[in-house]
Amino acid sequence: MQKMPAWADVVLIPLISLLLAAILSGLVILAIGENPWEALKLMISGSVGSSYAWGYTLYYATNFIFTGLAVAIAFHSRMFNIGGEGQAMLGGLGVAYVCLFIPWPHWSLALIGATAASALFGAAWAALPAYLQARRGSHIVITTIMFNFIAAAFLNYLLVNVLKPMGAMDPATAKFPAPTHLPSLHDILGAFGIPFSKAAPANVALLVAILACVGVWLLVWRTRLGYEIRAFGHSESAAKYAGISPTRIIMLSMLISGGLAGMMAINNVMGEAERLVLNSTEGAGFIGIAVALMGRSHPLGVFLAAILFGILYQGGAELALWTNIPREMIVVIQALVILFTGALDNMVRMPLEKLFLALRRGQTATTAGE
Amino acid sequence: DLGGKFDKSFNESAFAGATRWATETGGTFAEVELQSDAQREQALRRFAEAGNNPIVMAGFGFATALDEVAADYPDTKFVIIDMVVDQPNVRSVVFSEHEGSYLVGMLAAMASKTGTVGFIGGMDIPLIRKFACGYAQGVLAANPDATIIANMTGTTPAAWNDPVKGSELTLAQISQGADVVYAAAGGTGVGVLQTAADSGILSIGVDSNQNYLHPGQVLTSMTKRVDNAVYEAFTAGVDLETGFNVMGLANGGVGYALDENNAALVTADMQAAVDAASAQIASGELVVHDYMSDETCPGLTF
Amino acid sequence: MDLMTFLQLGDSTFRLSTPLLLACLAGLFSERAGIFDIGLEGKMLAAAFFSGAIAFVSGSVWLGLLAGIGASLALSLVHGLASITFRGNQLISGVAINFLAAGLTVVVAQDWFGQGGRTPQLAGAARFQNITLPFTEQIGHVPFLGPVYVELISGHTFIVYLAALCVPAAWWLLFRTRFGLRLRAVGENPAAVDTAGISVVRLRFVAVGICGVLCGIAGAYLATALQAGFIKDMTAGRGFIALAALIFAKWRPWYALYACLLFGLLQAVALRFQNINLGGFVLPVQFMDALPYILTVVILAGFVGKAIPPRAGGEPYVKER
Amino acid sequence: MSTPAIELKGISKAFGPVQANKDISIRVMPGTIHGIIGENGAGKSTLMSILYGFYKADAGEIWINGKKTEIPDSQHAIRAGIGMVFQHFKLVENFTVLENVVLGAEDGALLRPTLARARAQLKKLAEEYELNVDPDALIEDIGVGMQQRVEILKSLYRQADILILDEPTGVLTPAEADHLFRILESLKREGKTIILITHKLREIMEITDTVSVMRRGEMTATVRTADTSPPELAELMVGRKVLLRVEKAPARPGDKVLEVRNLSVTDDKGVKRIKDISFEVRAGEILGIAGVAGNGQSELLEALGGYQSATGTILVNGQPIDLTGSKSDGRTRRDRGIAHVPEDRQREGLIMDFQAWENVAFGYHHRPEYQKNRFLMDHAAMKADCERKMERFDVRPPNPMLLAKSFSGGNQQKLVVAREIERNPDLLLVGQPTRGVDIGAIEFIHQQLVALRDQGKAILLVSVELDEILSLSDRIAVMFDGQIMGERMPAETTAKELGLLMAGIRGEAA
């Protein structure tokens, strides 16, 4: 017997949490002397009001789908992968190497190569924390945090000392050659005669992200590995009884997680910047946590939450451009969303559970009375 | 550029130029401050889409993004400071920082009692080495026996905004005997000047006139008139002349600051010597070596 | 390396270790009570901003310090609410607090001062000044000991000495008092504390509160002692290094001191010497930057002594399922 | 008539949808030992935890020594003179005995004087009640028997007049239990009031003055022990007549299916849990392993089941199986014909958050019948299989889509048993098959086990319930401290003899 119907858990609680976060954000905007209602309108029009806006929203969303899926798949095996940021950075490195040093004949081949490389690099960056968790019991949260910093230092070193072209000022790789440039949504939709802003960076990586959603769904709910990952996540002791190797599950789920986080690089590094810069991830690895929490670790939920955060990001960028609300306001909103959907989950859940329990008691009482 | 609008230095100077234009002409301008490299292109496009013209960007970091964007908006004029972008609708403004640095280097050498002076750069890039190299030449010109200690804050944009590190580097240089320190480090320089003032030694500001930050304790500032460049661009408006533009001593693009805050520090002798050198450089009689021309520097190794 | 360079390096180490030590001890109290806290960074950042802002506005560094502690305490309260009262995930709460501080400090700073997320420069009484310890005159001439006393020991700000005092104080409190016994117990087995008639919730809130106060002091130190004002993201990962030091120290106060001194030294070295040349092999500065994190992973891997966290750490105390 | 030391009036408590206590009233006279019995999950611990202030009752009143007393937390209970030894001890593992005793009852803000006084006090108590423990030993280094003493000392140190013990003998050998009872007798002589929770009728009859029976959250009766009998109590406990014996034909043992030679198991802490044991199980027989909980039976099942590494030799149908490495896992064991009903269905046997149909394939999910193709699993086949098993094992409600946690304990166990028996294994490992299962389900499960035996399969049964061992087994081995103390045929032994073996004493027959 559940305390609450499933729809309340999946839909009602995130919605209420989101509302709470929105109200608090509104108060903050009010406190700095801006009109929250106007801000909201600007955010909406700036993020979904034109194909240009959509182009940016979807571009951000693509990043968040990858990192959100990464966190989500790790959640299924009860691993908290807070290292998406570092894994995505390394994914970017993989993309850079593949794009710079292999002469690709066509973007489609380059995309396949870059996807593989980014996944490989991202997975490799998750491998050691995963191994240490599985074999030495080192807390994965702490090790992945540490690996974020190590990744940043490592990338910094490579960009400054190895990959920076001679004479360049900023630590970044050279521009990737033209055959590796991915078609943008403008090009893709244009082929079907649908007009779409040429300026926006959303690109074919979005389709890869959607494929990844489907792939993760199949993996988690339709394959044996997914079955084992979920079993392990729910009960490690039961998994051991069933002959599911904890080491194998931790390693595989974290490698997949790291790989997905790494794959984000085909969007931001290959699709947008077309070169690798410092801090190319811009915190998307952390937003993945919020996205996975909001999306209840389900690919569909992750997809929707990623779009939501894409809107938040693009809308927030617009706010920073046209109002006195600094861009950091997005970080505040993001923090509140994580706080309410993740940490203060029970604050919403407890009263709701009581409510549903009372409702049911009332119902049984009336049926019994009849 | 990264480092923040109110770095009391480079970015603030650009902002001041824009504000001056706005107050004088009553015009309005849109501005945005960026947090990361990845946002540059988006901001440029957004401004171009919104019909802003001209668009001025302060900092070499915009070069790649601008190269991309400029072609997409041929009717918009762009101005980039500190970097050359070869597009028909772009005006590239670069400064002869080595010349200004030469002058303050002379002042430093003359003000120093220990014969040891320091240089603290921001991010270790050729541009900042250009500052350092000019400075070193000036120091050696005034005092051939002087020792120059040069440090860079870091290798990433974070180096523009790390006052703690600036402060630590200053202390390190002081312990090595430096009693005048030149900070060419954006926001990091705030920490350098602060620590120098706290420790009772002299410092030299950069870009804007920073003498007022610690009156009587900042020897001078190497001024780089980013504000003028911005002001001129805005004044010219859509009729802006594109192409390559060098701002040096000759056309007042760079110089050193003298005001009531440092009047007591710069003696008449010192002023005379520096002004003489300035005139020689302006006339081409004296050539200060530009690090960026061949990535070498006489008098300083990095 | 001559004595002076050595002393300078030591001096710098003390300065840079101080915020790490305060944050590390903050984490120690919280985690010893069973509340994991990856929000140290955020609390320090919030404290740095509010101390800087209030010190500027009021002109008094002490008011600034109070404001910093207040801000940090407020975030502690949020963490306590999430992880103690509502039994939420402590790690997620910590992540949220870090973001909240990173965003809110800039938003508020921009609103108050309009300087792109920084406070104006602090001067005079709005900053902690260096304290010259007594007898520097007399001892100063003694060879070796003299310079050590004058350069290394004397001439730091009040908070540096305070942080140093916090170490024995924390040790004494944890291992010699009733409060310490209970606090350690609640981090190991809250049910034992509960059935002994002590409120788990209150005890944990007190621990989280202490954590807030110490983080507050650490943040205030950054903005009003080490620096003269707040700049955005000025904690620059110190909260995470403190966390690393805490693991390194195996949750013990004296070890925390040594770990923080080590990490402070690493920072001091990395600041002064960009790339370190080890007989032909150049150690890049990025390696020095990453070293605390690498060391922590090595420790966590259990190859150099195993770090066993408090047993009830990270788990909310749930009586009724 | 004097005033009762404790009087509970109309106590009710619900945990979410589970009503653990329903309107319970009870009176306990001072200076008596009052027993509470009831099946697993009857609500005994909940009731006592309410009295001790650990849980808050939804309704009801508590009267202590004739005064109505509010007990919102344990502090109030302690002040009212109540001490409690919980079923699961509440000790800080890496504290010393002394620190655990003083925790919460310190004299002042400083520890040193408190510890000094406690040390002296502990010494006195130890002499008075034969409760010797080393005050400076760490809890994690001492055995459960000792830990229990520490719990009792904790209460006495706080000068409790009312002592509650929740299933204190579950982890004790009969001898240790006897010692405990002697202590309780002497406490009673001092005028202390004691409440003893157990579900062992023997203990109730032996030591209590009065006894209350609980069933499904309700108090069904309170009687004087002298006026009742075990069968009557048993009936009160489960609500109907209890059939204690299982009908079965004599065994016809065949070939050796399982041969264990010199098996040893060392746990993570380096403690040897199984010491060099050897035994065998033949086709068509049930070997029962008796013993007090914690003497190595769990480790034995885990080692055989493939999730505890071990040394020695295990032969199945004459072929050795791997004891370490990647081939020593549950999956490989299942492929070799070993099925396993684990001791703890909720922690091991089932994924509580999986639906029934997913659980029915658990452990066998890699088998070809559940695969649609190389990549995907065949959910339809899994559901159909689940429906079949639910029907044959009478699982209620027969709905494959329900989460495992929404089935009652007995039905959860049926799901596990169905899954394992239906595999038609050569060897079935069974741990505590009827723990927390109602009597109807017990009968059913016992019948299934006997039927499997009669098909010529080998069964290894581990249970702490001696009655279950005696009624099901064809042969009985007793484990104590990781060793097999001896083997007996059920017809030729008695509960008493087995009890001695379980305590590590080889009696006259040995």
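Going by the order they are written in, the chains are A, B, C and D; count residues from 1 in each one.
Following the convention adopted for this analysis, a contact is a pair of C-beta atoms (placed from the backbone, for glycine too) under 8 Å apart; a residue touches a chain by one contact, two chains touch by 3 or more.
Note that this is a predicted model, so its numbers are computed, not measured.
Each step here moves to a touching chain, and the least such steps from chain A to chain C number 1. Farthest chain from chain A, judged by C-alpha centroids: D.
Per-chain Cα centroids separate chain A from chain D by 45 Å. Averaged C-alpha coordinates give centres for chain A and chain B that are 39 Å from one another.
Mean C-alpha position of chain B lies 77 Å from that of chain D.
Note: centroid distance chain C to chain D, computed from Cα atoms, is 47 Å. Each of the following residues of chain B touches two or more other chains: 155. Counting partners per residue, chain C has 117, 286 as the residues that reach two or more other chains.
Under the contact definition stated at the top, the residues of chain A that touch 2 or more other chains are 156, 160. Pairs of chains that satisfy the touch definition comprise A-B, A-C, A-D, B-C, C-D. Chain contact summary for the complex, chain B toward chain A: residues 30, 32, 35-39, 41-43, 45-47, 49, 60-61, 63-64, 72, 83, 125-127, 155-157, 295. Interface of chain A with chain B (complex): residues 52, 56, 156, 160, 167, 169-172, 175, 198-199, 201, 268, 272-273, 275, 277-280, 282, 317-318, 320-322, 327. Chain D contributes residues 15-16, 52-55, 73-79, 84, 86, 90-95, 99-100, 102-106, 108-112, 114, 154 to its touches with chain C in the complex. For chain A in complex with chain D, the residues that touch the partner chain are 1-3, 218, 222-224, 227-228, 230-231, 234-235, 237-238, 240-245, 353, 357, 360. Touching chain C in their complex are the following residues of chain B: 4-6, 33, 124, 151-152, 154-155, 158, 161-165, 167-169, 171-172, 175-176, 187, 190-191, 194, 213.
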